[in-house]
Structure formats: C-alpha cells, structure tokens
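The same chain A turns up in both complexes below, where it pairs with chain B and then with chain C.
== the complex of A and B ==
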C-alpha cells in the first residue's frame, strides 16, 4: 500500500541520520585534529592530518592526566558490570515470584515497585549521600554499586515481570508434573525462556550505569572510585585542557555505549517498550 | 489442618524489597521529614523549624530564577521531543529496507551519557571553535562568530535543551512507534478508498490513536527535563544563566551545605513531578479502541 509519497520517507530518513550522527561524527572528527586545526575557519570536515596524538596524550604514559583517565576507565567498568550483574540476578528472582506465585502482599509489593520507578533522582540524592556517609561507604565501590542497584532494580524487575507473565504457564506445569521443584523449574525452564528479556535488562542497566553522573559525583570523592563520566567532567572543568583533548575524552567515554547500542538495539527497544507500557 | 505459609516467594522478593526500603523509601521519608528541620552541618544544632526551609527557599532569588529556567527547559524539551518523536515514528511506521539499521542509529543518542553529550555539543555551540558558527559564517548568515551559551538567557536555555532533546527523543519515538504499529492497516486502506489523503489519514487516524503513546512520551520527557543537570553543568558550568532547579538543589545542599533547604526543594520537585505525571497521564492517556 502506498499512501505516503517516497519524498517524505527520504526526507525523514535523511533527517534522522543527520540528527543522530552529525554531533557524533563531529566529536570524532575533532578528536583527530590539533587545537590549531579545530580553531581554523572554516572548520575542517575531515581531519587534515589525522593521528592518534590526542588519544596517546590521554591514555598512554605516566603523566597525571593519563593515569587519571586509565583509572576512571577501570572504575567505570567495575561499577557498571557489578551493578548490572547484581541487578539482573535480584530482579529475575523477584520477577519470577511476582509472575508465577500467589502470596499475601504481592499486589502491594508490585505497587511499591512501580511507585519507586516514578521517584525523581533528586528525592534520594542527599539522603543517599548521608546514608552512605553513615555506613562509611562514601568513596567505595560498594557504596556506588549499592546506589546504582537500588536505582535500577525496580525498572529491571518490571521489565522481567511483564515478560515472564506473557510466557505460557503450560510449559512449566509440565515440568512440575515431572517432579521438579519450583527453583528447578525456574532454572531449567523459565530462565532460558526469559533470556531475551534478561538481555534487554542487562543492556539497559549497563547503559544507565555508564551514564551516571550526579550520584558518583557526590558519592565518589576522589579518583580511586570516580568513573569516567566524572573524570571527563573534571577535565572539562579545568580551563587549561584544550578542546582537542576534551573531545577525545568524550569519544573514549561514548565508544563503549555506542558500540553496545548499535549491536543490541533490538533488545534495547523491546526492553524499553516492556518497561514503560503499564 | 493448619495451612503452612509458603515462604519461597517472600524469600525471592526480599532482596528487592530490602533495597527499596533501605535506599529508596527511607531516603524519601527522610527527605520529607528533614525538610521541616534546620539541617546545616556547619551551623549546628539541628532543630525543628516548621515551614522555614520552604519559605527561605522560595524567597531565594537564585532558586526563583532557576524555577523559571526549568519551566522553559520543560516547555522547550517536551514540545520538541514530542513533535520530533511523532515525526520519527511516522517515518518508521512501515517496513522498508534499512529500517532496522535506522532504528539502531536513532537509539544512539539515548545510550550516551549526558556529560558526553555536553562535550559533543560544545563542539557545535562553541563561540570560538564551534561548527555552527563556522557554517553560518560560510553561508553569510552572520558576519562574525556568535556567543550561543552564557549570554542571552533564552538562547542559552534553548541551546542546552536541544542537547537534552537529542538524548530523550529516541525514547519518545520508540514509545510512540510501539503504539503506532498496533494500528491496523485496514483503517488506512478504508480511509484511502473513501478518498482520504496522507495528511487527512495522519490527522484523523494516526494522531487520535497514538494518544496513549504520546502520553507516556510526554510524562518521561517532563521527568527528564525537570531533572536536567548534566547538560547545563557541562555546557554552561557555574554560570548562572540557565541554571536548572536540579543544579540549584545541588548547590544549596553541597555548596552552601544547607541540607534542610535542599530537602525542602527536593520534596517540592518530587511532589510536582508526581502530580504532573498523574495529571498528564489522566488527561491524554485514554484507552483507545480500534
């Protein structure tokens, strides 16, 4: 059926591509230029003398800046991977109970989960800091990871719950007739069937964790635990750092989520839809 | 016979519930109570102060100006992200070659940290090296480079909000597209037979039926724009042009170390968010039938 002309689609496709890609292309382009080249008028559409100088300056050597950046890359991986793993495990256990078991308080607990999803960040920021300070968890990996898990757990549970609920119960009943315990049914039947939703949840949680800024800014007071995002902002805050290095830091920080998003966009889309339609 | 209580489900949900109680509900209750106390670590003791924090915070000139700024962020952000979201979703409505690659590209900005987006767009808005100035000058639209950020308040807010719109529009698109794809083709076919053109079909079939998708998109856009922090923090730094409510909350609490006022402001933001989300959802979100 053709009710819409080809011109509209062509314009739309062109618009989406340029809207999404031009800013990303531009930062990559500048990361391969010197500061003098970046300041040239008109701007260079391609790097005139492409080279890895900016990347080497940020990542290689014993200087203060490269050690800071390397450390923050390690930190962000530790924090994101740990938060994602804990979130996915705890969320799938809870989602299984909500989707497949009858118990007193089930409806109430589900309501609480949905309600906490609507809390804006700033409701919890200051008390979160004070609780972590009380527990001596400021500036520790554990403090940051616990904070992330608490933030992402409700959404993760909701995505997995809505997915598990849509699975036909008949398959599991066959399993329990064969004498399998409920946890065996979970491990051997439900979990493998839920894999697409688990992948969605893991990817979305990882990307959310990678993007965090204000919580680690408050909870990580020195470079031993500060993730890449906080360091990138700190580099930006020092006025001596030229834009060539800043854009390179930006490219380093966006490379991981960009590659993940391109490779797993199907899971992201289905997860976002599952997580939002109530 | 006494029925034994099934403990397994409680065991399975307990980690989730413990996390929610300790690190979401407790902080929320804490915020609500402490908003009525004077809490200043550098100026003890802490004591009950009634509505004083709310009074002080609402008389604070910077908070007031950030309130106005945030209102602008919300209006610009919600309008742009919704209009673009509807446009993108309509482009992606039917299958065509390369559609899944286009969706992957569309998602990209959503996946990137706000801090990084601030840096990306610095390269576009910058007054000395920004590509926008370069392009506008080459096209002879401007004679000399313009300052987009930090001088004119409205221009600053617009430029910063475009960066956030870049980040949140993919989610709006996906939410609207999910509803759009449920509209049966027959409806469009029947309309075409009855002599409807693309414009009429869009106005009389698409728009009314995607209302639930728009409602969710609008609510998520309000929550995101109301909490804008990373983008102005990076793009405009400590300059007070375009300060958002979230930045003011951070400054009051962690720069002025006046936690009591910080709690009061957080509480007001939270109540406002919950209130608008519910109203908008009620107003736009009505079940549609095909």
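== the complex of A and C ==
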C-alpha cells in the first residue's frame, strides 16, 4: 500500500512537472532552430544545429526589431520595479493602518480593499483607460505603473496585513512607551520585523507586473512605453508567423521571472501562505 | 489578542485617503502629454514600419511626421475597441479590416473617409473599395489587395501526370485524388481546420467557388439548404479530411501555419484558399521554402469554370477621436498612392520595399509592377484582382465577428468529427438568423 502511494505520488509529481515544463522546453528548443528546421517532419527533439542566431537577431544590431526589443526590455524593468516599489510602500502603510490603528470603518475599508481582488481585471480596463486619458497619463510610465499599483495593492495589503497581525503588539507598545512616534514605531520596529513578508510581497508583485499584457497594450500607445510582453505579441506578422523569433522572444520574456522564481521560491510560498490565512 | 493603538483623526484620515486613493490608482502626478508638434501623427498598424527613406520623403513633402507603431492584428483590434469604447484617442490612422467594416461603420468609431478623400474618383482604380463602404460611408481605404487565391504545386501535379491544371472544382478534386492515389504526397490538400478566422475565410472562398454567397442582403443565411453553395462547400471541405486529402493533424493548423509548414515544404500540393502574394513572399523564398519556383497561382476552379476570388483586403482609416484627421488623411492619400504602393511591393529596389507587403490595392500600382516585371505572377494576380468580389456584396454585417466565430467553431467541430456537417450548418445558420434579426 505504501509503495502504491509512493508510486502514485511520483506519477502525480511527474505528470504535473511534464505538463508544466514540456511546453517551456519546446519553446526553448524552437528558439535554437531555424524556421526551416521548425517545420521539418518529424520535429526535432533537440536543435539540429543549435546557435544563437535568433537571440542575436532580436537583441543585437541596429535594425528595427532589436531596438524595439531592447527598448521594451528597459520599459518592462522600469514599469515592474516602480510598480513593485510603490505597491510595497503603500501596502505596508495601508496594512499597518488596518492591523494596528483604530478608526471608524476599519473593517469595512479592509473588506472593500480585499473585495476588489474578486473583480475580473477586464472590468476595470475601460474605466482605468478613461481615468488615465483624463489625467493625460496614457502612454506614460506613470499611467501604466499606477494601473499596476491599483491592481496589485489589494493582494499586497492583505499579505502584509496578515503578517503584521501575527506580530506581537507588545514590542510596538514598548517602543511607544520609550517615546517613539507612530511613524518611528512603524519604521524602526514594524518594518524590520515585516521584512520577510515585504520580500514575499515584492517578489509576487514583480512577477504579476511582469506578466501583464492587456493593460500595457491599451495604455501604451507606442514603443516608448510598451513592455516586452506587448512586443512579443507584435512580432507575429499578419500573414506570416516567424515561429523561431516568436519563441526566442518568449524565452527572453520568461527568463527573468523564471530566474526570480527559482531564486526566491521560499519568499513566494511564504507570501502566498500569509495571504491565504489570517 | 492584539490591542489596537489609538491614533489621531488626522493620521487616520491620511491613512484612509492614502489607501483608497492608491487602490484607485488615481494621482495628480505627471505633466499633461502634449504632441511635440501639431503635425506629428500616430499610425498604428499590424505591420512593420514603412521604409525610413519613404517616410522621410513624405515628411519633407508635407511637413507631417509619422510615428509608426506595430502591433499584432488581434491586439490591435482589442486596442481599437478599447479606445473607441473609452472615447479616447490612441492613433490618427489605424487598421480597418474588411471584416470589421460593418461593425465599425455602425458604431461610428471611424471618420467617413469621403469627407477627406475623393473616394468616388478612387473607385475605378481600387476594385476593393466597395468592401469598405457601409451605409453610404467609406470607413477605410484598402492599402493591401489581399484576396483569396488557389495555389498549386505544379511539380507535384506534373509528377502525378496532370499536365492541364484544373478549371473546375470537380476536376480539381479529381486531380487531388490522383496525386494521393499515386502517392506523390500523402495529403495533397491544405485546409486549415483550426478554429480561427482563416477557416471562415477558406469556407467563404470555397462557397464562392461553388457559385454562391454566404448571406443575403438582409443578412439571412444562404447556406442552410443542402443544395446551396455554402452547404456544398462545407461538405466538400469536411469530406476532404475524411477521405484523407487533408492531413488529420490540420484540425489544429491555422492558415499561415499550413502555408508555411505544408505548402512551403512540398507536403501539400495545393491550398484552395491561399493568400495572394504568397508565391513571391513565401513559396519562392529559399530561406522559408523547399518548393522555390514550383508553386503558382491558379484561377479559382468553380462549378463550370473559373470563379471569382473573394477579397479580404487590409485597409486604413481615421479613428473618430484622431487628433489630426486632416494630416492623417494626407498620409492615407500618400500611403495608398499607386506609385508608392508599387514601391512598397518592390518596384524600385529593396530600400523602398516594405517588408511583408503583398500587393497594391490600386490597378495603377499593379500596372507599374507588371511593367517593371517585379512581381511574381503579376499578370495573373492583376486579372484576379480586377475580377475579385467582396465576401459580402452588401458589406460585412456589424455582427460579423460573432458570425465568423460560429462559422469556424462549427466547421472545426465537423472536421474533428464531433458533429455532422448538417448539424454544423444548422448551428451556423441559426446564429446568422438570430444576429440578422437583431435578437
């Protein structure tokens, strides 16, 4: 019975890993082939003549496409890093307020913030677009970043709120007794204690921001602000699909979140657990 | 149990305001974005930028600078819809696909082109302009005369002993069976049965070949009778899978994918509904094809002879919220000029050639290309363009996207064997009937 359970578990893990990793392997494999090799029958399980030609075609050189991709890489880093920083700062302040301050409607406002997580993203697309257009923030970094922040803030606030509530209030009270102001208590006591949750929140927010497509598609009118995810889709031609370049762009786009996920796996798991329980 | 710490009203108010404001993403930060000059226009198309030298010439001649942005076609449609719904500017000139004309015209998302360009004078030189008219207004101007054509690999046909290429659908089917029977290729016909737009357009072209139309003037379906052209076309396509003329794997193959991986590799002998221009831009390009100089255009085999080619041209129009409609109109006039379109298609060297451009929408542009001998199959294509017809003679209905979705979903299911042709046609007809009656 024990053997059967173990075998079943191994099969399950193997199945899930295969389900997740085979498509990723295939896109990497494709990125090292030419378009002619890609359409060979049977398909190549390994690139017949592996080379960096597709990566060079996308990243190096003076052509339109490499400059577009390079610019989009810069854009996505700016937008993701800024959105992450602003989200974490605002979420930590909001979470602290909800966790420790006593004010009228505290539970109600917390409920409202958390409730927004249940809204489908697309329902806010047009209103956000209208708001950004009215504020003249369409096709600006700030417009895209603010949209990201508004979308990620509820989850970030909830994760940090859950964590802060688990901290012993006595430490903060001791700080207050010693004469520390509210902000000093927050900055010198709460924030250092909350660092593990802040790291988790930052990683999760960054990964969410990196994966965005529809909001930057609508809010970024040209290549000055379009992130990599939008440019990857734009590589697809109207009548001809350059599979090798498309796959290569996909690998570039997924490499950053993949590395971050591998390096910060611990924080992601703990952050999601914090967000799932109270 | 944690003890809440009391705070002042000011701190509380600030915290609440901060949380709510940031959750809404509202900020007064950021300076208003103003265009650098009033004559810079934004052009957004599902195509790479025009050659820099040509754009520079346009700027020099008109003083209008063009800021070009490329998006993939599907994303661009999303963007057009989002901007129009939000009543917000996003471009001065952008894509108007033939299939969206009805929808765009009804919703008034684009400015009437006849207000800016003498469209009546254009009509004689631009056969597909009628596909862009709705309710008396011209929604966009076609810039790339894409139309559906039949392509055949003449070498594979010759190997099967077929020296006279087919002119009727019956002969065409017979020839494909001969190629299969002689095992020249295992699956001689390429039909993209993936549930996508390419399957719908394939059926439209095949319906035209069988001598009929898809919808009547009021939008009612003309394909539900088993004797109708649309019904016969659907049965012919599905039967082609069942009898092994089409690879079984084509159930999940999209149009461009089939052209690139089957026709361009000599695995299929023919594509009944191919893109005009594919011979020059795909099949005769050694880097992407193993059948160079083997594929040619074939006048669409019809019931009793050659049938019309149905058009699916790409157009350009001016969104209703454009900031510089006059300048955009000047650009569109220049962009759709016959001589410039001939240059885009390669009439005057690589520096003036627009990557991915197929075929001018103006007969005068094609005449220039033919004179220079710089287009493969130019004479044949020019004849096809002259005789091309609109998929919907009365204009694409406003509900086209929903109808097309029903077409490709049901035809895909019929080809996959999960429903009969009869059931698929019935379902497609029900959708058309419902949509055309406004329910």
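The working rule: the second predicted complex is superposed on the first by the 266 of 278 C-alpha atoms of A that agree within 3 Å, B and C clash if a C-alpha of one lies under 4 Å from a C-alpha of the other, contacts with A are read in each partner's own complex, and residues count from 1 in each chain.
By definition in this document, contacts are C-beta pairs under 8 Å (C-beta built on N, C-alpha and C of every residue); 3 or more make two chains touch, one makes a residue touch a chain.
Remember, predicted model here, so these are calculated numbers, not experimental data.
On the superposed chain A, the positions of chain B and chain C overlap enough to count as a clash.
Once the two complexes are overlaid on the shared chain, A:56 sits clear of chain B and of chain C alike. Legend: residue contacts after superposition of the two complexes on their common chain; A:107 is shown touching neither chain B nor chain C.
Touched residues of chain A were counted for both chain B and chain C, and B has more of them. Using the contact criterion defined above for the overlaid structures, shared-chain residue A:176 touches chain C, although it does not reach chain B.
When the shared chain is aligned, no partner comes close enough to touch A:187: not chain B, not chain C.
Legend: residue contacts after superposition of the two complexes on their common chain; A:146 is shown touching both chain B and chain C.
Once the two complexes are overlaid on the shared chain, A:23 sits against chain B while remaining clear of chain C. Shared-chain residue A:234: touches chain C; no touch with chain B.
Within the superposed three-chain model, A:223 lies in touch with chain C and out of touch with chain B [touch as defined at top].
Comparing the listed stretches 182-190, 200-208, 254-262 or 272-280 of chain B against chain C after superposition, the clashing one is 254-262. Overlaid on A, the two complexes show chain B and chain C touching the same residues of chain A, namely 38-39, 41, 90, 93-94, 97-98, 101-103, 109, 113, 116, 125-126, 128, 130-131, 146-147, 149-151, 153-154, 157, 182, 214, 218, 233, 236-237, 243.
Residues 1, 3-5, 8-9, 12-13, 15-17, 19-21, 23-24, 26-27, 30, 38-39, 41-43, 90-91, 93-94, 96-98, 101-103, 106, 109, 112-113, 116, 118-128, 130-131, 146-147, 149-151, 153-154, 157, 182-183, 207, 210-214, 218, 229, 232-233, 236-237, 243, 246-247, 249-250, 253-254, 257-258, 260-262, 265-266, 268-269, 272-273, 276-277 of chain A touch chain B in their complex.
By the touch criterion stated above, chain C contacts chain A in their complex at residues 2-7, 11-12, 15-16, 18-20, 22-33, 42, 44, 46-49, 67, 69-75, 78-79, 82-83, 85-91, 146, 256-257, 260-261, 264-265, 267, 275, 277-278, 281-282, 287-288, 290, 314, 356, 358.
Remark: chain A residues 34-36, 38-39, 41, 64, 68, 86, 90, 93-94, 97-105, 109, 113, 116, 125-126, 128-131, 133, 135-140, 142-143, 146-147, 149-151, 153-154, 157, 165, 169, 172-173, 176, 182, 214, 217-218, 221-223, 226, 230, 233-241, 243 touch chain C in the complex. Per the touch definition, chain B reaches chain A in the complex via residues 6, 8-10, 12-13, 15-17, 19-20, 22-28, 30-31, 34, 84, 87-88, 90-91, 94, 96, 98, 100, 102-124, 126, 128-129, 131, 134-135, 137-138, 166, 171, 174-175, 178, 185, 188-189, 192, 197-198, 201, 216, 220, 223, 226-227, 229-230, 233-234, 237, 246, 249-250, 253-254, 259, 262-263, 266-267, 269-270, 273-274, 277.
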